[in-house]
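Let me begin by presenting the structure, written as structure tokens, before commenting on it.
Letters A, B and C mark the chains in the order given here, with residues in each chain numbered from 1 onward.
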Amino acid sequence: MSDTPETDPAPDAAEPAPEAPEATEPAPEAPEAAESEPEAPEPERTPDPVRDPLMAKITGDLGDAVLGQEVVKGDMWLRVANPAWRRTIQYLKDHGFDYFCFLSGIDWLPSQESVTRYEQVYTDDAPADPPARESGITGGDSRFQVFVRLYDVDRKVGITVKADLDDDEQPTVESVVAVFRGAEWHEREAWEMFGFEFTGHPGLRHLYLPKEFEGFPLRKDFPLLARAVKPWPGLVDKEPVPGEGEDEEEEAAATT
Amino acid sequence: MNEVAALNYGIETAIKMGVILAVIPVGAMVLGYVFLFKMMAHMQSRLGPMEAGPHGVLQVIAEGVKFLQKEDLMPDGADRWIFKMAPVVAIASTFLIYAVIPAGPDLVISNLDVGIFYALAVSSLSVLGILMAGWASANKYSLLGALRAAGQLIAYELPLVLAVVGVVIQAETMSLSGIVEAQAHGSIFGFSGIGNPFVLTQGVGFLIFLVAAQAELTQAPFDMPVAESELVSGYMTEYSGFRFLLFFGIAEPATAFGLAAIAATLFLGGWYVPGIGDGLTANIVGPAVLGAKIMLVAFLIFWFRFTYPRLREDQLQTFAWKWLIPISLVNITVTAILKVAL
Amino acid sequence: MSANTITEHQQQAYIAGQAADARIRFELETEGMTLNIGPQHPATHGTLRIVVRLDGEQVVWADPIPGYMHRGYEKLCEVRKYQQVTTLVNRIDWLGSFCNEVPFILAAEQLYEVEAPPRAQWIRTILFELGRIANVTLFLGDMGVQLGAITPVFYAFRDREYVLNLIESATGGRFHPNYDRVGGLKDDLPKGWVDECKQAMQGIRDFCDEMETLLLGNEIFATRCRGIGVIPRQIALDYGLSGANARASGIDWDLRRDADSPLAWKHADWKVWTHPDGDSFARYWVRLQETREATKIVEQLLDSLPAGPVMAKMPARLRVPKGEAWISTENPLGEMGYYVVSDGGPSGPFRCKIRTPSFNNISIAPWLLKGVYVPDVITILASLYFILGDIDR
């Protein structure tokens, strides 16, 4: 009897992230928390013959480290605890997922942008009720998440692995460069864009941006200057069509 | 009597110098236009220059003018005199080749007995010019590029010379006019209808000569010293304006013209076609015939250039030392044996 | 020749070269020459700067410095609606630009929970393959130019004009079509397009045959490319090399076949080409075969093109439900994917991670260029085939 495949409601239905204590609870308890909520009738989830057993094995082997997992939309998602990040990646590589697709981060802070995107420009005063921070598939409780995508080219399956970065000021996680060489550039980019500290990385330095750049651009509180200067639709240059503008009239007036 | 002779000699020399000075730029321009602009363009499925003059015939002149009006730069640490003299040396060696090429039975600037020997010796002077350019540029990359170019040119001098040795053995003379005569009146295994154009009996030598000439001109597939300017700058980098034109626009096509002329003379029979005779007709038609053969050889050279990618420097050297030289040595041996035996 | 043998040979050659060069190094002071390749450089497809430190003729270390074209796409996507993102995203891989829109639109459709009608999926696939052809034909000619063969690239440009004309007549733009919409396509195909397309495919096949004799069959090309820049299978997987680079190292991985995609690839009969060697020659060879294969796919899909609408019925105002979607496709340069996160907000991605193939393909350069001769650096970079917009986003 398999207990780990979580019965998953319609993938995009708004479901609040599991409560904070889940960070220390192993995955099998999460389905109970979800199922206990009175929800609209959930559509049937077709079992995935390849991914379900695979996910079962992974969560079984990793045990405590797994904080959330889902097999949805024909794909696998896994969330692990921060200290177990590198161990998990190494485990997956040893078990066939040896193709490193990419590594990146998500900033779950709901920015002014996402709430008031097309209504107003950046303002200094925060709204009275800042919107609740939501995290996506497999949940999560910190503002920053790092995630990695790996593939198993022989079994033709992929997996997305996430981890919460607990400290909002200095989000830290172990570097996986020792596991996948290709992660070096990706971690550099994640550091540059989000400010993640990867312990054990051979040298975190700027990849795209110049050395003197201050700030971490992809963080939600880093303003997009163009939008701050002028609201949507931004700087629009409107030139009068020749023959139709006021200039014609002015010229006519000048010559008389 | 002496004064008259001296005056005649003076006038003759002046005429000859005038001819060379006229032929070389014209030859370079014709080659440049026909092959570098038009043939290359048509082979690449495009038209080439069409604006300057009908079908772009004046484009070469426009290019010359363009280079003339560019700023004349010289790097700070450059050795001034050597920097200025380098292109002159390179061009000088080209000019000197033309002195021995016969365009007709009497149309030769200087009918040396050791014509071909002289021509080959003088053509290798261009290496000096390149080394001077690389050294005087005060640029590490130029120096490396020049050294590479020098290495390549020296390596390919040998097959060039060895290919010619076979011709000399067959013609029994080193004078270029003599070689033309030998081809005109010789016979292949007794059959003398078309004379003995050495392209038939020295076919291997002809091919080796062409390949070595390609390398001497630093053209693809042997243009690593020049195309190195993708990556490291070649020996010509610090040159601009007219000096660059001397290197790139005049020396290159003019040397191509000269080497093609030598190839045409050595292997294709020079100014001779059967039926042309020895007299005035030959002197008038000869240059045209030679011109046509030069265009043919140049066609082969440039066609080769546009088609092939370039060899890496070490592959280039391997090709010269391990392939061309042994083959040409074998060619000489076989020629000598057959010459004595038959 | 197995990949391992060649790597050993390279290592031995490096050591021998070291010993032989010691004297020259002393006399000419060539040790530790630092060379800047780029950012403006004819050999790189755009503004990529690679700093190499040379030891005589060989590279000791190499450090690519991207970012000269960084436009901040991921941040820009966050302030645009889904429909507006396609204009941005066209410009990532600008040679096969329709291909950039497709994975994003598919991810958006997954989030919107709409499905495009079959005709739209077919046409998307056809245009996707046309984008691949447009992109890779340029590579086939351009690799010649990097090596010194100046003629094939003109044939490449000439023959790809037909494909670009087709793309233009269908979408309105040769280079930046902006044709894909969430739920389908902007327009249907014009009349007569199918026949013209088939003719163009035949022309591309003729071009591939020409390149096969002109470049692949050329001894000098083979000498310059065989054994140069060998990437063993495990290294390729470690770095996430994708597309033809991976398949040339023997990895049998093609997202058109291996990922479950709503596009129409499974409705055509085609083959995935791999090569065991992993050198520059293999990468060129694989791309040539793939171009031919793409023409066959296009022809088969044109024959089986279903009738119907090209746009699904979508409500006018739509709030995208919360969720995350990851879609990746086999783009001409490799695997391109979008990780789109929606927060249920007013119709724009909350986070859009763009996984571009050239980023991974170039990240292997420091490893790959060690011990390589200077002229071979150009060969290797040309064979890896990156596009700056793809690296830098």
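As a working rule, contacts are C-beta pairs under 8 Å (C-beta built on N, C-alpha and C of every residue); 3 or more make two chains touch, one makes a residue touch a chain.
Quick caveat: nothing in here was measured; it's all calculated off a predicted structure.
Taken as a contact graph, the chains are arranged in an open line, each linked only to its neighbours along the path. When the C-beta contacts at A-C and at B-C are tallied, the pair with the greater total is A-C. At the centre of the protein atoms shown, by the Cα-centroid criterion, sits C. Centre-to-centre, using mean CA coordinates, subunit A is 66 Å away from subunit B. Between the Cα centres of subunit A and subunit C there is a gap of 25 Å. Subunit B and subunit C have centres, each the mean of its CA atoms, that are 44 Å apart.
Residues of subunit A in contact with at least two other chains: none.
Residues of subunit C that touch subunit B in their complex: 28, 30, 33, 35, 37, 41-43, 144, 146-151, 154-155, 158, 214-215, 218, 220-221, 223-224, 373-378.
On the subunit A side of its complex with subunit C, the touching residues are 11-14, 73-75, 77, 98-102, 104, 106-107, 110, 113-115, 117-118, 134, 136-137, 147, 149, 151, 153, 156, 158, 160, 180-182, 184-186, 193, 206-210, 217-218, 222, 224, 227, 232. Residue ranges of subunit C in contact with subunit A, taken from their complex: 66-67, 70, 72, 74-76, 78-79, 110-111, 113, 234-235, 237-240, 251-253, 258-260, 321-326, 328, 335, 337, 339, 341-346, 348, 350-351, 353, 355, 359-360, 363-364, 367, 392. Taken in their complex, subunit B has these residues touching subunit C: 40, 43-46, 140, 143-144, 220-221, 223-224, 227-228, 230-232, 306-315.
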